[in-house]
Structure formats: C-alpha cells, structure tokens
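Paired with chain B in one complex and with chain C in the other, chain A is shared by the two complexes that follow.
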Partner chain A sequence: MKLEWRLAALKNGFQDATAYRIEFVLEFLGAALVPAAIQWVLWYALFTIGGATEIAGMTHAELIHYTLVSILFTQIRGGDLDFELGEMIRSGQLSNYLLRPVGVVEFIFLRGLAPKLFIAGFCLALGLLLSFFTELSPFRLVASMGLALLGNIIYYQLSASLAAAAFVWEEAYSLLMVKNMVVNLLSGELIPLNLFPASLSWVWQSAPFYLFVFGPTQYALGRWSHEQFLTQLGIACLWLVVGSGLVRLTWGLGIRRYLSLGG
Partner chain B sequence: MKFRRALGHYLEIYRVQLKNNFVREAVYRSNFLTTLMVDVIWMGVELSLFTVLYANVPVISGWTKEQVFFFLGIFFASDALFSTFFQRNFWMFSDLVNKGELDILLTKPVNPLFLALSRWVNLTTIFNVFLGLAIAVRFAQPAGFAGGWLWLTVGFWLLVGLASATVLRFVFSIWVFWTERSFALSRLYYQFFHFATKPDALYPPAIRYLILTFLPFAFIGSVPARALLHGLQAWEYALIVAVLTGFFALDGWLWRKGLARYQSASS
Partner chain C sequence: MIAGGTSSGPVIQARNIRRVFRSSRKGEGLKGALKLLARPEYQEHVALKGVSFELEPGSFNGLIGANGAGKTTLLKILSGLIPPTSGEARVLGFEPFKRPVEFRRRISLVMGQKAQLWWDLPAIDAFDLLRAIYEIPLKDYRERLQLLSELLEVGRHLNTQIRRLSLGERMKMELIGAILHWPSVIFLDEPTIGLDVLAAQKLREFLRVFNEREKATIILTSHNMDDIERLCSRVLILRDGELIFDGAPNGLTQAGHSRLRVRLRETPSAEELSHVTAVPVTAIQVDEAEEGETKAIHFTVKQDRIVAILQALMQRFHIIDMGIEEQSLESVIHRLYVEGELRS
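Now for the complex of A and B:
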C-alpha cells in the first residue's frame, strides 16, 4: 500500500475543490440548506396549515429535528466523481490515467474524498457544538458520521460501477442522473423514510441508500438502538464488499473493451 | 415594414439553427431514449414523493393529490419547454465568456444575445412537453379543472412558465462576466429550482412572497396551475406582468453591463 500518492491525491483534491472558495462555500450552503428548507416547508404545510398532529407516528417537532440533523449528513455523500469517470471514458482521457502506476477509480475517489472529509469535519464540529445545547449524544454523532462516511464509499462504488456503462454505451450521463434522483428520494434526504407506507418500505430497505442520510440521522437522534446501529453497520460493510466486487467486475470488463477513443 | 423585414430575418436564422440542431440530434439517436428515460424517472420521483406524503394525509394546504398531480403535469410541460429551447444555451453560457466564443457572436450582423440564447435547441425534450400535458390531462377532471375553452389558455400559461424560467436562469448565468466561473451559481439556480416543484400555497408567507417576486419560481408551474384550476385575482395578473417586465429590464441591463466588461478570450 503506497501512502504517498494517496496523500498527494487527497491534497490535490482539496486544493482543487477550494481553489474557488466562494464557489465552494456557495455550493455547500446551497446544497445543504435548500433541501432542508423544502422539507421544513412540507412540515409547515402539513402541520401549521393542515392542522395535522402526527404523521406516520412522528410529531411536527420530531420531523423538524430530523430535518435539522439530516443536514449534517446530506453533504457527506455525493459529488460528481462518477460523471467525471464517465466523461474520462467517453473522451478518451482515461488513457492518461491508465499510464500512471495508480488505480484510476481509487485515485478519482481520493481526489473527491478530500473536500468531503473537510465538510464531514465541519459538520461533526457543528453537531458536537449543538450537542452542548441539545440532547444529541456526542458519541452517537461521531458514530453516525462514521456511518455516513461509509455511505460515501458505498455511493462511490455503485456510482463508479454505473459510470463503467460508458465503456459500452459511449456515455453514462443519463444513467448517473437517474441514479442521483433515486438516491435523493431513497436516502432520506427529501423526507424521512418512515413516511413511506409499510407496504412500500421494502423499496428503500432493499437498497443501501438509506445508510447515507436516514440511517445516520436516526442513530444521531436516538431513534435507533446501539444494537440496530451495529446491525446496520454490518449491512454497510456487506454493501462495501458488494460494491468493491462490482467495481472490479465492471471496470475489469470495461477496460477490455476500451479503445482509447471513447467506449 | 422595417420591423417585418427584421422579424423575417431573425425567423430565418432561427429556422437554420433548428435545422442544424435537428441534424445533430439525428446523429445521436440513442440520446433521445436516454433523455426521455431521465425525465420520466424525474417525473416518477416527484410523483412518488407526493404519493408518499398523501399516503399519510388527504389534503396538503388545501391541495388534493389530484390537484398536485395536475400542477406537476403543467410544471413538467413548462420545464420541458425551457429544456428544449434554452437549457443547453445557458449551460454553454460561461464558455461564451471564458473561452472567448462570444467574439464570434459579436461579429455577426444580428443581436448577439439572440444568437447566444438560440444556438442550441434540444429537440428530444419536446416529447416531455407532451408527457407533462398527458399527466395534466389525466388528472384534470379529478382535480376540478373546468376544461372546455380553458384548455386553450394552457399554451399561454406554459409560455408564462417558459418566460419566467428563462429570465431567472439568465440572472443566475450573467455573473460569469464578473466571476469568471458560474458553475456554483448555476448549481444554486437548480437548488432554488426545487421551490418550483411544489405548489406555492404550501409555502410560509415569507418564502411565498420571495418566489412570487424577487425569485419568481412559482411562475414556472404553480401559478399557471392555480390560474387554470381556480383562476387568479386581478392583482396577481398585475404582479405577473410587473415581475416579468422587471426581470426583462434587469436582464437587459446586466447584459449590457457585462458586455462592457467583456475582454474577449482573456475575460
């Protein structure tokens, strides 16, 4: 395991992301606050205007807590690294990376991970600060952030596997857009997943996306027991293994088809 | 006479642009299916979100599920019109300034803004206009839409939505003359765009005021749907005219200021 190039990739990724600081801050704030504002608006419409007292067993205050705490985790997963991989395959830029003695999928991941680690640190510090004034447990916050970071890896593995479709279809843009939309809904970023009717809960439970936002938020809020959290951590590790296998399989097959002129 | 000649001239240019775009899209036929797939999934996600919410409550802010679905149909159609005629031009807008491509447009004997906003037409997304309208038609009756001659006004309201999206997107793109990169602002536009995906009646007064005035995202789908379902009050028509006129004036002023600042490829 060579550490040097990995650290260099992290440093390079961080410098790249923060080269335009105003853009970096604007993007972070916009992506974090607007979805939360939309959630808050929905709770306002349902409870304040509609007069509801409870929805799916959750009160107005509980839903607001969910919205606020989920902001800490919504920015950990994501990024456009998969689009970058797809574009590299399509345009033939991948050749430049294949010549280097580093794994291209891992290299791109590490470059994108650096700003996410910074954001995770910032969100964790914010959460810990809040824990002084609220009932949030610092231990649970740290563990939840760990789960969110595992979610970031799983998300990238699945995304990179989908991006490999560019080896076959020339471009994977549409596939990745579809994935983003599905993840938005099934990660718990738009609404808490327990609002899904019981008959439809299998939809979000059968994908790993709930581990990105919904899971960490549930544990941080104390709605998952330690045992439940450990079980979900185990499930996350299983998904890591599946994701790793998928990356190896899709990129192994894809590279064989690669013509250096695009897919 | 002079106006008619100029109009004919611009229509002819637009016809050629359409033809070029059609030829380009005919080459990439698989793009049609993938674009369609993305939009269908997006529509599915939006419809699913409200399906989940309405599984818990019968009415949200006085809107039934069918009324919200009718709104979404109008919104999808309006947004698809924007995607067809303007979206790609705005994505390419920062290249015009950063890479100096605007130089070429400035040398042509036509308004450079017209060329900047009409070069790219995404003809495949026109299909989604019909898809959105199909959703609106499907839920029109259960939503309480009176129908009849009111169907004739749908086109007008879609144009209001298109105009609103265009003037708003322009305000978020034009800063590239000053900031060099407009990527974050474009992303910010799409973050705010989420406000357009819900009926404006859901929002608290402060946000509702904002999306009806300074950031009129409600004009893209929500106000048109409300106008079709319940009609608007006189002051609301006046507000639409005032806000859109104000934005047209602001966009024109910013464009002129931006051009004055433009330093060719080195800008």
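Now for the complex of A and C:
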C-alpha cells in the first residue's frame, strides 16, 4: 500500500477545503447547529409545551445530552463527495482522474476526508474538554470517534456506489438527494433512533446509517456497554467489506459506459 | 504486437477503430419532452469509422479535422478513457482501456478546454500532489519544475491560485502538470485554443523543444494550421470519422496540387471553364470580384497540367493576368473537405 500519494491527497484536500476560511467555518458551524436547533425545538415542544415527562424512557435532560453529544459526530459523516462524483461522471470531468495512476474513488475520498479528519480532531478535543466537567468518559469519546470515522468510510462507499448511477442515467442528483434524506433520518442526526416505534426498529437496524451518529452518541453517553460497542464495531467492519464490494461492482460496470463528454 | 512497456516498433497502433455513440433523441417542444418521458427514442452516431494507423516512437504527429470529425474521440480511445466499439488500439504495448497503472504512468492527455488542476489552489500545490502520485524523486521533480517553468516563463506564478491566472498562464500550468512525470506519450487536444499569438508561440516552441529533447511521442490536435505546420512531421486528417490522409505535411502540399490563378476579360461559369480545361468543377474556385476588378479564378491542379490549362484558356478567352500561388496547408485541408462534401 503506497502511503505517499495518500498522504499527499489528504494534504491537498485539506488545502483545497480551507482555501476560503470563512466558507469552511460557516459550513462546519451551520451543519452542526441546524440539526441541534431542530432537536432543541422538538424537545421544548414536547416537554415544556406538551408537558411530557419522559419519551421512550428518556427524560428531557437525557434528550438534551443526546443532542449536545451527537453534534460531535454529525460533522464526521457526510460531505458532498457523492454529488461531486456524479457531476464529474456527467460532465466528463472524471477523465482528469481516470488517467492518474491511482484509484479514482479512493483519491476523491481521501481529498474529502482531510477536512473531516480535522473536524474530528477538533470535536474530539472539544469532547475531551467537556469530559473534565461532565460524566463523559474520555475513553468512550475516543472510541466513539473511531466508530464515527468508520461510519464516514461506509457512508462514502455507499454514496459512491449510488453516484455510479450517473454512468447509466447521466444524472444521479435526485437519487443522492433521496439518500441524504434517508441518512439524515436513520443516522440519528435528527432524532435519537430509540424514538422509533419498536415494531419499526428493524428499519434503522438493517441499514448501517445508525453507526454514523446514533451509535457513537449512545456509546459516548454510556448507554451502550463495551460488549455492545464491540459487536457494533464488528458490524461496521462487515459493512466496510460490503461497501468495498459495492464500489468495485458499480464502478467496474459503470466505467464501461462512461462517455467522457466534453473537451 | 508490441510487448507491454517496450518501445521497439510502433508506439501507437490503431487497427480498424470504430466508435459508435448512442443517445436519446428529444423532439421539439412540450410534445417532445413528454415523449422522451414516456417512450424515449435513441439515435446512433458513428464517430469513428474504421481508423487504422501506426505511429513511431518520438514522432510529433498532427491530428486534424473539422469539429465533429472524431479527433477527440480518437484521443480518448488512445488514452484509455473510452473503449472502441470495435477494432483494436495499443499504446506502448498496452490495451488503453484496461488502464493498467504502468500505462497511466507513461501517458498524458491535455485538453485545452478542460482544466485538470484544482482551481482554488496554487499550481505549486497541485504539482506537489502530482509528484507524489507519480512517485517522482524529489531531485528530479525540482529540476523538471525549474526547467519547465523557465521554458514557459511562469516561475513567478507558481504560488498564485490557478483561477486567478490568465488563460495563457493557466494553459502553461496545465501543460507542466501534464508532463511533470515525463510521459512517453502525450496527447494534446487543442492546447493553444484561446491563446494569444505570443502565448501560442511560446507553447509551440516549448513542445518542439520537449519533443526533441525527451523523444516523447506526441499527438496534437489543433485547428491552428500554424501549430501543425511548425511542429508535426506527420499529419493525420479525419473527416466524418474516416482517416482521409496520413503522411508528411509537406507531402500534403507539394505532392498535392498547385493553385493557378487567372483573371479573364470574359466571365465564364465554373462549368464552362471545366469544359474548356477538363479540370473538375470541384477544383475550380471563382472568387467574388472587387468593385472595378475582374473575377479571380483559381484552378487547383497538378503542376504538370498548368501549361496545358493555360493553352486551353488562351484559345477560348483573353487572359488579363495570371500567377501560381503557394498552397498553404490550410487551403489543402479546405480543399480536401470541400471535395468530400461535394462527393457525399
């Protein structure tokens, strides 16, 4: 495994993402605070206006804790790399990358991962700082961040596989938008997944999205045991294998239909 | 067949390459849009119709043709971006579309209309990434970068964001990025498009020096005949996906035809002139006359026929003025195209 170009791609991706400082900071803050604000309004409506004392076994304070800790992980998953891939396929810009002696899907991933790693470091430092004043365990925070980063890879693998639809349909924008909405809901970014009806819990459990935000938050808050965490880590590794296979399959088939338009 | 990675024999081989593109056809207006939703119709476009040729290592080759002739499609097939529908391409002994890493390390494609560097970063950052991708030793990288930036006179712009550079400077940076890894084969798709005369000249000179010094095989497509005449030892002309000429550019002009220009007191039609001189109408061009002048008539004919044509004209008309004009590559290509259009 050649390390030099991978490190260079990370460095280059970070330079590119931070070329415009204000844009970088605003994107980070906006994406972190908006889901948190939605949750805060929801809990306020239910507990303060609605007069509820407990929802799905969770008190107002526990839900607020969930909201605050989940912010640390919502920033790690995601990004718009899949939209970028879809547009590159559609416009023919992918040609620039196909001619380089590196894997195009991995190259784009590494460039996009760089700012996420920076944000992960920042969020982890923030979490560790908070752990001095709260009951949060530093060990659990570090392990949760590791799971969130694995989630980032799985998310990209699935997204890149969907973006490959652009090889066939030329435009994959709507497909990726639908995927984003599903992920927003099933990752635990908007609401804790234990608010789902028990009869529907199979919906979020059968997808890997809960490993992105809900899982790390649960473990960081001490609501998952170490054994549960290890089991989920194993499941994440299985999803990594599945994701890798999907990328190979979809891109292997798709690239044969690539038109390299333009130029 | 060439062994993978060796350079004995032809470095590029194209055998009967054919490429068909299929796309949906949209009818006019709302009805067309609804039909496309319900029952799309598809159309096929044959971009290349059985193109064959071989190119020698270290040669500088021009690929020319009108828009839509198939030049860029051919370059995309040879660089491995798209496969041919049928036929076979081999570059450096590799089948391009399989895109083995070793193949990608040894080729480069520059598209004048498509940026390959990252717009928001200075060129030096992009070059640094390319150094890592192609595993260029640091010493070689520094030497090459210095040489290339001196040749192209862009040293002072290396730390400027790409998007803040002028078109010419950007194109020069693209070129540096494309050849930093010292490729054995370079495909250049209209690299001088949009450049001013000075920038284009600089780029041309650079390509000439690079080809001579490094013996890289280059295929250049351009609408600028200056590029082709000054750089290429061989020219391939495509028309509607067919290779209609493959040879030296001076062969195209010398072994081709001369242009005989005459002015007559009379104003015969091209058909009448053809009848008198036995020159096909397609080889006769009657210019529009300036006010107060007679029309200039151009006969594009073989040199050994000029005397006979003049004798035939003198027997029937009064010649006021005559001369033989040097043929430019541009006029020859124009003629080849016009002949093709008339035939079809």
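Just so it is clear, the second predicted complex is superposed on the first by the 261 of 263 C-alpha atoms of A that agree within 3 Å, B and C clash if a C-alpha of one lies under 4 Å from a C-alpha of the other, contacts with A are read in each partner's own complex, and residues count from 1 in each chain.
Note that in this section a contact is a pair of C-beta atoms (placed from the backbone, for glycine too) under 8 Å apart; a residue touches a chain by one contact, two chains touch by 3 or more.
Nothing here was measured: the structure is a model prediction, and the numbers come from that model.
J.: Touch check for A:Ser174: first (chain B), second (chain C), both, or neither?
T.: first
J.: Just to be sure I read the superposition right, which of the two partners does A:Ile64 touch: chain B = first, chain C = second, or both, or neither?
T.: Once the two structures are laid over each other on A, A:Ile64 reaches no partner at all.
J.: When the two structures are overlaid on chain A, which partner does A:Ala207 contact: first (chain B), second (chain C), both, or neither?
T.: After superposition on chain A, A:Ala207 lies in contact with neither partner.
J.: May I ask you to name which of chain B and chain C touches more residues of chain A?
T.: When the residues of chain A touched by each partner are counted, B comes out ahead.
J.: Thinking of the overlay built on chain A, is A:Val242 touched by chain B (first), by chain C (second), by both, or by neither?
T.: In the superposition, A:Val242 contacts neither chain B nor chain C.
J.: Would you check which partner chain A:Tyr20 touches, where first means chain B only, second means chain C only, and both and neither mean what they say?
T.: both
J.: If you lay the two complexes on top of each other, which residues of chain A touch chain B in one and chain C in the other?
T.: Touching chain B and chain C on chain A: residues 20.
J.: Give the list of chain A residues in touch with chain C in this complex.
T.: These residues of chain A touch chain C: 2, 4-5, 7-9, 11-12, 15-16, 19-20, 92-93, 95-96, 98-102, 256, 258-260, 262-263.
J.: Would you mind writing out the residues of chain C in touch with chain A in their complex?
T.: The contact residues of chain C facing chain A are 21, 72, 76, 79-83, 99, 101-102, 104-105, 107-109, 111, 113-116, 118, 120-121, 125-126, 128-129, 131-135, 161, 189.
J.: Taking the complex as given, what residues does chain B use to touch chain A?
T.: Spelled out, the residues of chain B in touch with chain A are 30, 34-35, 37-38, 41-42, 45, 48-49, 52-53, 55-57, 59-62, 179, 181, 183-185, 187-188, 191-192, 194-195, 198, 201-204, 207.
J.: Quick check on the complex: what are the chain A residues that touch chain B?
T.: Listed in rising order, the residues are 20, 22-24, 26-27, 30-31, 34-35, 37-38, 41-42, 44-46, 48-50, 52, 55-56, 169-171, 173-175, 177-178, 181-182, 184-185, 190-191, 195-197, 200.
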